[in-house]
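Starting off with a structure, shown below.
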Amino acid sequence: KPQSSEKPNEENANEDVPKEVRIGYQVIPNAELLAKQLGSVEKKFPNTKITWLEFDSGRDVNTAIASENIDLGLVGSVPLTTGIANNLPYQVYFIHDVIGDAESLVVREDTGIESIKDVAGKKIAVPFGSTAHFSLLTALNKAGIDPNQLSVLDMQPQDILAAWQRGDIDGAFVWHPTLGKILEDNGSVLLSAEKLAEEGVITSDTGVVQKKFADKYPSFIKEYISVLDESINLYREDPKKAAKTLAPALGLTEEQTLQQMEGLIWLDYSEQKASDYLGTNEETGQFANVLESTGQFLKDQAIIPSSPDLSTYQSAILHLK
Amino acid sequence: MPLNTYDNQQAGEAPFISLKDMQMEYQSGSKTLRVLENIDLDVNTGDFICVLGPSGCGKTSLLRIIAGYENATSGEVKIDGKKHKGPNADIGVVFQQANLFPWLSVEKNIEFGLKMKKLPKSERKRIIDHYINMVGLTEFSSLLPHELSGGMKQRAAIARSLATEPKVILMDEPFAALDSITRQSIQEQLRELWKQTNKTIFFITHDVDEAIFLANRIITINGSPGTVTLDIENPLANKIEEASDYRDLKGYNELRHLLINTLKNREAPLSQNLIKAKIAAAE
Amino acid sequence: MKKKYIPPILSISAILGVFLIWSVLSYFNAVNPLFVPSPMKLWEAFTIILKEGYKGNPLILHILDSLFRLTAAFLLALVTAVPLGLLSGYSPSIRAIFEPFIEFYRPLPPLAYYTLLVLWLGIGDASKIALLYLGAFAPLYLSALSGVQKIPQHRIQAALSLGATKWRVFSHIIFPSSLPEIFTGIRTSLGFTYTTLVAAEMVAATSGLGWMVLDASKFLRSDIIIVGIFIMSILAISIDACVRLSEKKLLPWKGKE
Amino acid sequence: MKKKYIPPILSISAILGVFLIWSVLSYFNAVNPLFVPSPMKLWEAFTIILKEGYKGNPLILHILDSLFRLTAAFLLALVTAVPLGLLSGYSPSIRAIFEPFIEFYRPLPPLAYYTLLVLWLGIGDASKIALLYLGAFAPLYLSALSGVQKIPQHRIQAALSLGATKWRVFSHIIFPSSLPEIFTGIRTSLGFTYTTLVAAEMVAATSGLGWMVLDASKFLRSDIIIVGIFIMSILAISIDACVRLSEKKLLPWKGKE
Amino acid sequence: MPLNTYDNQQAGEAPFISLKDMQMEYQSGSKTLRVLENIDLDVNTGDFICVLGPSGCGKTSLLRIIAGYENATSGEVKIDGKKHKGPNADIGVVFQQANLFPWLSVEKNIEFGLKMKKLPKSERKRIIDHYINMVGLTEFSSLLPHELSGGMKQRAAIARSLATEPKVILMDEPFAALDSITRQSIQEQLRELWKQTNKTIFFITHDVDEAIFLANRIITINGSPGTVTLDIENPLANKIEEASDYRDLKGYNELRHLLINTLKNREAPLSQNLIKAKIAAAE
C-alpha cells in the first residue's frame, strides 16, 4: 500500500513524508518528464522512494487511480472529465501543460481538404476518449458538421501512423511523435488545439492526485509542485538545455524535441492560481468550468452517459494553502 | 424352473457366498429389464465353479453382484453369513481384459493390494516374489503392462488377485482374449494353483470344454431373464489329470452334449442322479 | 431416482447464490460500483443499449458486425485449412512444405503480429478478418491432419480391395473418416477465434462487440463492459451448442467406431 | 530407404526458399522496408537488442520477465485447476457448483475482462498474472475432468476389490489414471496462455517480450516486432518440446493402455 | 522342410494364386526380421483353404501379401498367372474386426464396391438386395454399423466382400471376436455360401475345430520364420453335413490330434498317404 503505515511515525518531523510515492507519468515533453529526467524529485525527497510508472493513455491512468496503484498521475483533460464523472477519488493539483500545436488535425495534401468543411465524407482517425477526440468533435460541431457525415475512426497513434503510410486514412487528429511523422509524409495542419483554445475550447494535460494521499501528505504535493516549478523555470531560462535533457526520453533529436515543447504551453504554479485556471480557495478558477463544459459536450455527443454539475468539478480541484 | 441338484460336499460348513431368491433388474430409460431371476446359489469354500451360459444371459451381472459392484434388486446376498458390504479384499476379481494399472510395473501392480492392506515392506516383498514366481513372470517383474503380451498380462492380473489372499476369486471369461495355445497352458496353471491352495474360484466361461477341464462343479444359466438351469458336480474332475487328453475320457462326449443341449435348451434339465447314471453308463 | 436432480439444483443454487451476494453487497454499497456495478445497474445499461444502441449503432449491429467478421474468417479458414490438412495427412511431402510455417506462427500471440497485419492489409475489415483467420486456421489444419493420421490403415485397405482408386480413397474414405476430428477442430477453432475477437476490433473499428467493450473501458463504463461480457459469453455458448448439435445430427457414429 | 529423407529436405528447402525470396525482394527494394524489413536489418536489430537491450533492459530480462509471469500463472493454475478438475470428475455435485462459472468465462476474449482485472487487482504483476491464470485455468480444469471421466469403471472396481478405500482410490487410481489427459491439458493450456502474453503486458508494463513488441509497434519498428515474434515463436516451441519430452519420460505408458 | 502333399484337384486349370519360393522380411529399426520362408503355395479356384498356425507365425503376413497390401521380399507372387498389381476388386478381404465404413449404412457399405465398379443404380440395387438377404440383414439394411451387434457387423462385412464378386476371398480370423453360438451359426452360413457359389476362400484361423468344419483343404504354418508344414485335403469335408455333430465323426479325433501335434511340432509331418491311411483306419 502506498501510504505506508497508518500509525503516526515516531518522529514528528517525518509525519508528513510518505515512504513511497508512485507516479504514473506519460511521455509528453513537460515539466514532470523534465524533473524525472533530471532526477530532481529524488533529490528533493531523499527519504521517499519514488517509483515512476509509464502509461500511454489516460484510460490506464484512470484505471490505476481507481485500483489505487498510483498516487500521482497525468491525464488529459478529457479522461479527467470522464474520471470525475465516474467519481474517481482524485483531484487536480497541477496543469502540466495547455495543449497548443502539439495536437493537431493533419490531412493529406493530396486529398484537397482545405477547410474543416471539406472533411465530410472523408476518413479521419483519432484515439477515442482522448483530448484530440474531444477537439475534433468540437471542431466539427462548431463547423456544423454531423460526425456521421464522415467516418471517424478509433485508432491508437501507432495505428494511425501505419494507416497513414498505407494511405488508408485522409486525416488524423493526433499528437507527437505520430504528428511529426505524418506531417513529414505529405501532411498539412488543418487545425490545431491552439486554434481551438483561442476559441475557448481548452485542452490540457493535468496532474492528478489520489484524494487520500492529498489529505494525508499536503506538504509533499506542495513541494512536488515546487520541483515542477523549478523545471519550468529551467526551461524558460534555457530551452535548449531542457530539450537536450528530454530528447532521449522522447527518442528524438534536440531540435525535434524543442519543436514539440513549443507546441505545449507550460504554466508555473503561480500562473495556474490565476482565475483563468485553477484559481484558489477564495476565488474559483475557470478551469472547473472548462471541465464542466467538456463534460457537457461529451454528454451531448452521447459519449458519456451523464456529466455532473459544476460544483463536482470545482471540488475536484485541489487548492493548497 | 430352477434346478439345483448339487449336493453340498462340505455339508457341515456354512457356504461362503449365499444367494437366496435373488433378482436383478436394470433400468434403461423408462424400461425395466429383468436380467436374473430366482437365483439360489451357495458357493462353498474350495469350490471351483464354472458358469456356462449363452451371451446376454446375465453371467457377468451375477459376478458383479457377488463382487459387490452392483446391488441385487431383491433377494438376499450374503458373504460369509453377513450382508454384502461392497467390494473388498476378501473377494478377488479377474476381468476378461487384464485390467492392470498401466503406470505400475508388474511387481508394483501385485504390490498394490498388499499396500492397501498396509503390510510391511519385507512381507510385501516376500509375497510378491512368491506369486510372481508362481505365474512365471519373475524375469518380467519390472516391466510395465504395455510391454507384456496378452497372456503375460492375464497371468499378472491373476497373481495380483491371489497376492491379497482373497477368500474367493471371481473370474469373468479371463482367457477369452488369449490364443488357443497360451490359453491351454494358462488353464493348466490355474488348475494346478487351485489344487495347491484350495482357493474358492467362481469362473465364467462360454467355452464348454474349458468348463469341463477346470471345474469341479458346473452351473449353467439360461433364458431371459436368466435362471440356473443346471448345477452339477463335474464327474470327470478327478480323472482329468490322469488322461493325456481329457477329450478322450469316457463320459466326456456325454457330458459335453448334456451341457450344450442344456445351453441350447433342447433337452429338459436332468436330475443329478440321472446325469450320474448316464455318465456311468458311458464309462 | 431423485439423485439425478441434485447437480442441476446445485448449479442453479450456485448461480443464484452469487447473484444474491452480489446484489446484497451492491445494495449496502460494500463494493465500489465502479469495480462491480450492481445487477440493477447492469440491467439498466442493458435495456438502454438495447433500446438506444451504443455510440450510434444499435446493439444488434454490433453483434452482427462481430459475427460477420468471425464467420467470414472462419469460413475462409474452413475452406483452406481443412483441404490443406487432409492433403498434409495424405502426403508427407505436402505436409513437410507447409508445417514449418504453421508451427512457427501457431504459438504466437495474435497481438504480436497484429500491427504487421495492419501495415500489410490496412485498417479495414481485411486485417481484422486476417487476424481471426490466422487464429482459426491452425486448429482446423491440425485437426484435419490428425484426423487423417488416425484413420485405421485397414479401412483404406478395405476400400482398395473393393476396387477404389487412390483419388476415390481420398474423397470417399479419407474425407468422411476425418470428419469427427474435423468437427472437434471446428469447435476448438471457433473457441480460439472467438477469444481473439476483441483484439481484432482494437484497431479502427467503430462497431462490434469487442470494440464496444474496449470503448466502454476508455470511459470507465464497467456496466457496459460487464453487459458486453455477458452477451459475448451467451453468444459463444450458443455458437458452440449449434456446432455440437449439428455434429450430433451429421455424425451419429462419432466415437462409436 | 531414401524416402524418409524427402520430407525434412522439403521443409528446409521451403524455409530457405522463403528467406531467399524475402532477401531478393528486400535487396531490390521491391517491398516497403517499413512493411517487411530485410533479413539483414532484422539481424542487425537482433544483435543490437542482444548487446544493448531494449529500452533500458537487457533482452534476457524481457524474456525472463515474461517467463516469470507465464510460469507463475501457470503453476498457480496447475495447483488449483487440476485438483478442482479431478474432484469435479469424481463428484457430480462439486462439478455442478463450479462448472457454470467456468463455462461462462471460458469462451471470453481475455481482453474483454482485462480492464476489470486491472480495476480489481491493479496495474502490477497481479493483474497480468491473473489474466494469464484465467487463460491457463480452463484447459487444465477440463482436461483433468475429462481424464477422470475417461477412467474405465473396471479399473476403479479392481482397486476396490484389492482393498482400496475411497480416498485411496482417488490418490492411487484417479490421479495417475488422469495424468495422460492432464498432460494434454498442460500443452493446450500453455499454448493458450502463451497467446495471451502480449495482451497481459499491455498495461503499465516496462518489460517483457510482449511489451517489447507492443512498444516497438508504437514506433513502427517493424524490425523489432519481427525479431520479437521470432524470439516468441522459438521460445514457445522450446517450451512445448520440453513438456513433450517430460511427458514421454514420465508417462511411457501413455496411449498404450 | 516344407511339405506339400496336396494333390491338385483340378490339375488341368492353372492355380488362381500362386506363390513360389516366397520370403517375407520386416525391417524393425536396424534389425531384419524374417517372418516367412520358402513359401510355395497354389490356391485353385473353388478351394476353401483354412490356414492354421500358432500366433506370430506369419499367417496375417501371408494374407496381406496375397491381398497386395505388402510386397514379398523375394520370390514370385502371381494372381491369375500375372504379377500382383496391388489390392483390387478381384481379391476380397474380410478382416478380424468387421471394419465397415462407420458413416455408411449396411446397404451403403455393401454398395461401396459396386459404386467403385461404376455399376448402374438398378443393377446395384439388385445385387445389394441379393447379398443382404443372403446374410439375413434385410431388416437392418438402413442401420449404421454402430447400431449392429458384432455378429451382424461381420455378416455385413462378408456381404460387402461378396457383392463385388471377387475371384477369391481372404479372411483373417473373421470369427474370433464372436461368441460361440453366433460363431457356429455364421460358420454354417459361410459353408453354405461356399457350396452355393463355389467361391475360392482363403481362411485364417487358430481354431482347429473351425478349420475341420469349414475347409476342404487345411494348411498349417509353423516355426520362426514360418514355413508350410502341412498341406492336406480335409478327409471329413464331405461328411460334415451329414453328421449331427461333426465331432462324433470317425476320424475326427485323429485329424484333430494330427493338426494339434503338427502345430505343437511334436510329431514329424506325415505324408498325405500316411494321413489318409491313419484316418481310414479310424473309420
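Letters are used for the chains, namely A, B, C, D and E, taken in the order the chains are written, and counting of residues starts over at 1 for each.
Simple rule for what comes next: contacts are C-beta pairs under 8 Å (C-beta built on N, C-alpha and C of every residue); 3 or more make two chains touch, one makes a residue touch a chain.
For each chain, UniProt lists the protein as follows: B, E = ABC transporter ATP-binding protein; C, D = ABC transporter permease subunit.
Just so it is clear, the model here is predicted, and its values are computed rather than measured.
Graph distance from chain A to chain B, where chains that touch are one step apart, equals 2.
Under the contact definition, chain D and chain E share the contacting chains B, C.
Looking at A-D and A-C, the interface holding more C-beta pairs in contact is that of A-C. Greatest Cα centroid separation from chain E: this falls to A. Per-chain CA centroids place chain C at a distance of 51 Å from chain E.
Averaged C-alpha coordinates give centres for chain B and chain E that are 34 Å from one another.
Look at where the CA atoms of chain A average out and do the same for chain E: the two points lie 88 Å apart. Counting only residues that touch two or more partner chains, chain A has 63, 66, 156, 158, 162, 165.
Of all residues in chain C, those touching 2 or more other chains are 34-35, 115, 119, 202, 217, listed in ascending order. Across the whole structure, chains are in contact as follows: A-C, A-D, B-D, B-E, C-D, C-E. Interface residues of chain B facing chain E in the complex, by the touch rule stated above, are 54-55, 179-182, 206-207, 245, 247-248, 253, 257, 263. Contact residues of chain C toward chain A in the complex are 32, 34-35, 48, 55-56, 115, 118-119, 122-124, 202-206, 211, 215, 217-221.
On the side of chain C, the complex with chain E involves touching residues 152, 154-155, 157-165, 168, 172-173, 176-177, 179, 251-253, 256-257.
Every residue of chain C that touches chain D in the complex is listed here, in rising order: 6-11, 14-15, 18, 34-35, 92-93, 95-101, 103-113, 115-116, 119-120, 191-192, 194-199, 202, 210, 213-214, 217, 222, 225-226, 228-229, 232-233, 236-237, 240. If you check the complex, the residues on chain A that touch chain D are 24, 53-56, 60, 63-64, 66-70, 156-158, 161-162, 165, 177, 251.
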